[in-house]
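Next, two complexes with chain A in common: one pairs it with chain B, the other with chain C.
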Partner chain A sequence: MKNPFEAFQQTDGRKREIPLDKILKFKEETLSKILKGYEDLLKNEAKDLVWLMQYSTVIKAYSIAEKKIEGIEYTAEDIEEFCYALDRSDQIPYLITGPAGVYISTLCNYAKEEEITLHLRDLNVKINLLGYRLPPNKKLIVEGNVGDFTGIGLDGGELIIEGSGKNYTGAGMKRGKIIIRHNLGFNTGHGMTGGEIIVGGRIKGLGKIVGGKIFEREHLIFPNEGVKPFYF
Partner chain B sequence: MKNGHYRKRIRGIYEYISDTLYFNRPDIEIKGERFNSTILFGLLTSLNGGKELIIGEPGLGKTTSAEYVGSILYRYPLGVIWGSEVSGHPEQTEEKIIGRPHLGELNRGKEVVVWTNFAQIPVKIVDEINRLPETKQSMILNGVDRGNWEYLNEILISDEYSLFATANYQDRGTNTIIAPLIDRFDILVESRHPGPNIASNIGKETRLNHPLRHPQYEKDLHQILRGNKPYEEKMAMAEEICDLFGEHMKENLGLEGLNKGERREIKQDMMEIDFDLDANAFVRMTLAELSFCHKYGQKRSVEACEEGCHYTGYLCHHIKNCASNRLPISIRNYSQALAWFVEDEEVDLEHVRLVIPYTLAHRVQWKDSYLSKKEGGGRNDPFQIYLAKEATEEIFQRYNEQRDYLLEALALACRAFNGEEVTPLDGDHPIYEEIKNDIGAKDEKSF
Partner chain C sequence: MEIEEIIQKIWPKVRKKHLFPQIPLPKVIEGEEKVALEIKSKQLFISNSFHEKLKDTMKEEEIIEAVLDHGVTHYMYCPWDFHTHLTLYNEAKKVVRKKELAQKATTHFMDVVTDTYCVKEKDTKIPTLYKNLPKTGVHEVLSSLYEKIWGVDLGSGGHDERVNRLSRIPYLKRKKWGESIKKFTKVIQDILEEELKNEQENSQRSPNPLGEHSLDNYSLEEIDRGLRDFASAVQNLQEFKETVEDLKEELEEKGYATGGMGRGPGNPIDANLLYYMKLAESYTLPLRKLPIEKRGDLHPHSHMPWEIGKPFADIDVWTSFGKIMPGITKIWKKREGETYGELEGTPNCLIIIDSSGSMINPRERLSYAVLGAACACNAYLKNESTVAVYNFSDALRGNKIVLDFNQEKEQIYQAICRYFGGGTALDLNDIQFLLSQAGGPDIFIITDMQITNLEKLIEFFNQIENRVTAVHLGHNVHSTRFKEGTDKKRNISFFNIKNKEDIPKIVLGKIKEYLAPTAEWG
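Here is the complex of A and B:
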């Protein structure tokens, strides 16, 4: 009699590839490319695991990051996944929040989507420099708290933080809008020349502001009679 | 793709019927395309020489859909199709369905049978089959099943035919279709209302002459079919007229039917399409649920299993009868035909998942307790098709959960069947018990 199971002779260990598998595989590949770019950035910019936050180092890190992400096909979800991968020590050899922030900002600035939402409430670290140079027609919404230097050099985009920020938020921003749902730290808007910072809670202290507007709990606190523009 | 031009022609026929003759709504989806099940399964029935039972309300195009498909695909003018239809009614006789004695020859003491057009032409339509009384339904059992028509001492064997039967929903004039007859149908579809917006366009373009009619060719064909020549000779002559009608359709309607050789070639192509592993394993799982009985060895309509059986959650517990051996044939033929139609290289899960409910709907006898549990819920399909679709999806869910394990069990069974010493896999589904049965790993119950 013919073997009724003959068709299954070669089936040992064969797994079915379902569409979800393909999607997950693609996602994994994308994430590993993004991680590789970040590691290269760290190798260039933080050889001794130290990264000095200076005007020139930020610009340099940003231009390296621009090159590293070239050709990577990614979405906002992949950026979010990268943020969580940063947070998991087993995935990334080291996390330095400065270059990480510049790298994430670069990813956001070059993402296909005009509106990006990052759900970072469960992140253990506070990433610095998010929203760096956010260009016009881009909206970045961050759910969760962020670190220092958020939205610095903002270049026309809209940055919304559904949480609190730390010091030097909006420093050197040129145009655009930063909305902070809760509180901000010291030196807010330091060196900003234009745009608006709208804060729903309290601001611990303002920096030396050249131009633009800052609102605290719906009140315009810069410029006003007590705080005049600073001329460097 | 091999023979792609045939597929293009069949698509053309589908589109022509759908756009101009049989107003409909698409109700099934395969590989991202939506189709109307009545036309699609009608075409597949004609292509693979199947048997289709079309149900529906009176006047919703059950018979006409079959007439159009048969006429275009086999290139018989509509008048010949009409003239060969058999209608079911209590006074119907064998003489009107199959054949009658040649009275002139009988007077001379010779027994010669005059076969009906229905018995002779390859497109066979039985209208309102459930108006035939149960006793008379047996008359057409053999013909429906094998294409063998017997009268007096003569037999007419159709080497190629497809059969369409229509049935109204139960009313005072209808009878139950007997189980052996209904099992002979490969597929059950419903001819549905197209919806008010499409229905409002019916009859807008009234034509004096139906585009599928041709009085001269109809006359010629009737003459050939009535003649005294041997059946094979008559069919060869009829094919010549069909060629002419085919040319006529091509010129006037842009439609290309299929000649006998082309139909055979397509059938051959379809038969060569293999099932992929998933489709193969899924069909096995389905058949296991429809034939397995833990207590009595297999399902039998005279033996009901009881509550408390380990397999209470499976379909075998909800049905009365056993799946016949015609079921896997229907599933195979129609899945292959569908894969051919959508230009796939293999039969996969999507094809079998679409086909199985339509092959099951008329065959499964559900237990009353199950029916009362299921009726009353909202649905889009007639109850039988709805239940079969639900059942198929239920099995599919189980297949998804157990897929890798089942394939492993089947692979092991293959090795065991070849004589290797392997331990068969145990699993929570009738199929694992059946596998053990086949490789001789299950102890026979002591009675």
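Here is the complex of A and C:
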């Protein structure tokens, strides 16, 4: 008698590993390493969930971040992935935009790519301190709006923000270029000694500027007859 | 070998490979050279022209097997159902903002998911098929992506940055499809825009080689179910509305109307109405029936003297002193009419809904009042009762809808969804009129209780014996006053709605509690 269930015998359905599996696995591993580094940074720098934005704390956070990312192999896409992970509470225990910005800047500064594009338009948080100490021969393009202290201490790199920034953009920058497509807040270029800030929209207010150039809608507004360099 | 014969030969193998999907034997159509497959309500149609064109470069059986693998996997894995299709479209639309672009992005994403699934899980000839397909525009990028994520040579290459980004998307993680399609769409957005621009300029559409995904792929039942699930899943009314408006023409072409699934031309689709209809369908409001039996048969009404020729069966022995004698013996005079019996019935319902300025406009945001009323409406209609609607804001100035008892769901929903804004005052004469139209209907009132003539309403409710379900939104002094004013009445029950989730839960539960004692009245 013919077996009526013959057709239902186990098929030779194979489940092979494809390169996509490896790519995703590597991506997950890299992200978890980056997240671990960030958590360690927070443990060191923001034990009480408070982080005071001071010259010394930024420098200290940066040096810790440098150590934490040592040995991690990552790409610009991994940095972007980390930025979105910051937005999701299930992956990050808590978000403090200051250390997060220092950490992302460190990742960008040490990335293999010379040009990094971060597509952050859908990010809910506005990250501070992006582009901190961006070195020469590095170009960081951020699609979306950013927070305070963007591009501070810029050290020769080119930072392009395809959106708006907030206060203290380019504060203390030494050289390099910051291009902002839309608007900036108060104290723009506070304490900057060199370099250029080019703003496509409006600037709410300038800080005490020592040197460099600031353009607003293609007009040089510093140095200008009305705005003289400040000597600390 | 003829293409039909190849299909006959290959189909059992494909079915077995995909664990015997319930799909009919694929058919052959002359079709286009550029499009391999069409899917209409689960029926796969393979283009003979496509097959003829490709058969010189690839084995005929392999062409058919690959195309069938692709088609069946759409049915078995992605999109699986219309709800998933809508969700993917909705997410893509958030990125590109244009219907045509969102449709293209959705089609490509579903193809990538489907083919990647097949390549990973099944023994398929899909890579060979792609190797022989033309690679232009977005297909060139996708082909490079396949090379990278499948690890095969398709004779493509390039687009490194895009492919890098695309290859990091977890295509086979169903839970992440919403997020994934957004990333996918962002990466290919500019190519799609360019493609669309060219199409508009040349008035010629460049088709997807493995077929388009449209409403044709689904039956009316699937569309109905998909819309219901989609209404429950979307974040807000506007998302639902936007998606339905985009698909309005296709839905109407398919014969889908707001009132239900396609019979006749139907009314034009009102996305707002459809949203509340589908959302309310997700919840069930159980109704305990009352022991009222509307029986049309005869029942003993009064006595009359027995006369010769009248039936003995009607004699009332208790009032006849045990004698059969004209003049002394009494018989029951029977009358036809409504009587209480053992069978239970569901009363009709009057829905009173507040649409004053303090209430949410149901056409702008999700209105809990409308959703609650819609749930109540469904519950009564399902029990074959009729529903009347009294929608009011400043009723004394004419801002009201008085809809008499009926069973026309669409008409009832239209009355419920109407928004007036402005002041809040009831005209009790209207309510009395509606109550007089049906014998002892239930009353379902949903309001924030900020009614100018609230005292009159309380007084009115204290006078009637109808079962009243009073639902108030938010908490204020007026609702407290209403509760205090009607506290002693056993036929009035009171619910507070704080958020969306409270509507089905609280109304469902409390109705039961409230209905239980009322059953004793009968």
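Throughout what follows, the second predicted complex is superposed on the first by the 217 of 232 C-alpha atoms of A that agree within 3 Å, B and C clash if a C-alpha of one lies under 4 Å from a C-alpha of the other, contacts with A are read in each partner's own complex, and residues count from 1 in each chain.
As a working rule, contacts are C-beta pairs under 8 Å (C-beta built on N, C-alpha and C of every residue); 3 or more make two chains touch, one makes a residue touch a chain.
If you're wondering where the values come from, they're calculated on a predicted model, not measured in any experiment.
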item	value
Which of chain B and chain C A:P19 touches, first, second, both or neither	second
Chain B versus chain C as contact partner of A:S56, first or second or both or neither	neither
First, second, both or neither for A:T75, with chain B first and chain C second	second
Partner chain in contact with A:F5 - chain B first, chain C second, else both or neither	first
Superposed model, chain A: greater residue contact from chain B or chain C	C
Contacts of A:K27 with chain B and chain C, given as first, second, both or neither	second
Contact residues of chain A, present in both the chain B and the chain C interface	7-8, 11-12, 14-16
Touching residues on chain B, where the partner in the complex is chain A	275, 277-278, 280-281, 403-404, 407-408, 410-411, 413-415, 417-418, 435, 438
Complex contact set, residues of chain A against chain C	7-8, 11-16, 18-21, 23-24, 27, 75, 77, 81, 119, 122
Of chain A, residues touching chain B in the complex	3-12, 14-16
Contacting residues of chain C [partner chain A, same complex]	12, 16-17, 19-20, 116, 119-123, 148-151, 164-165, 167-168, 170-172, 182, 186
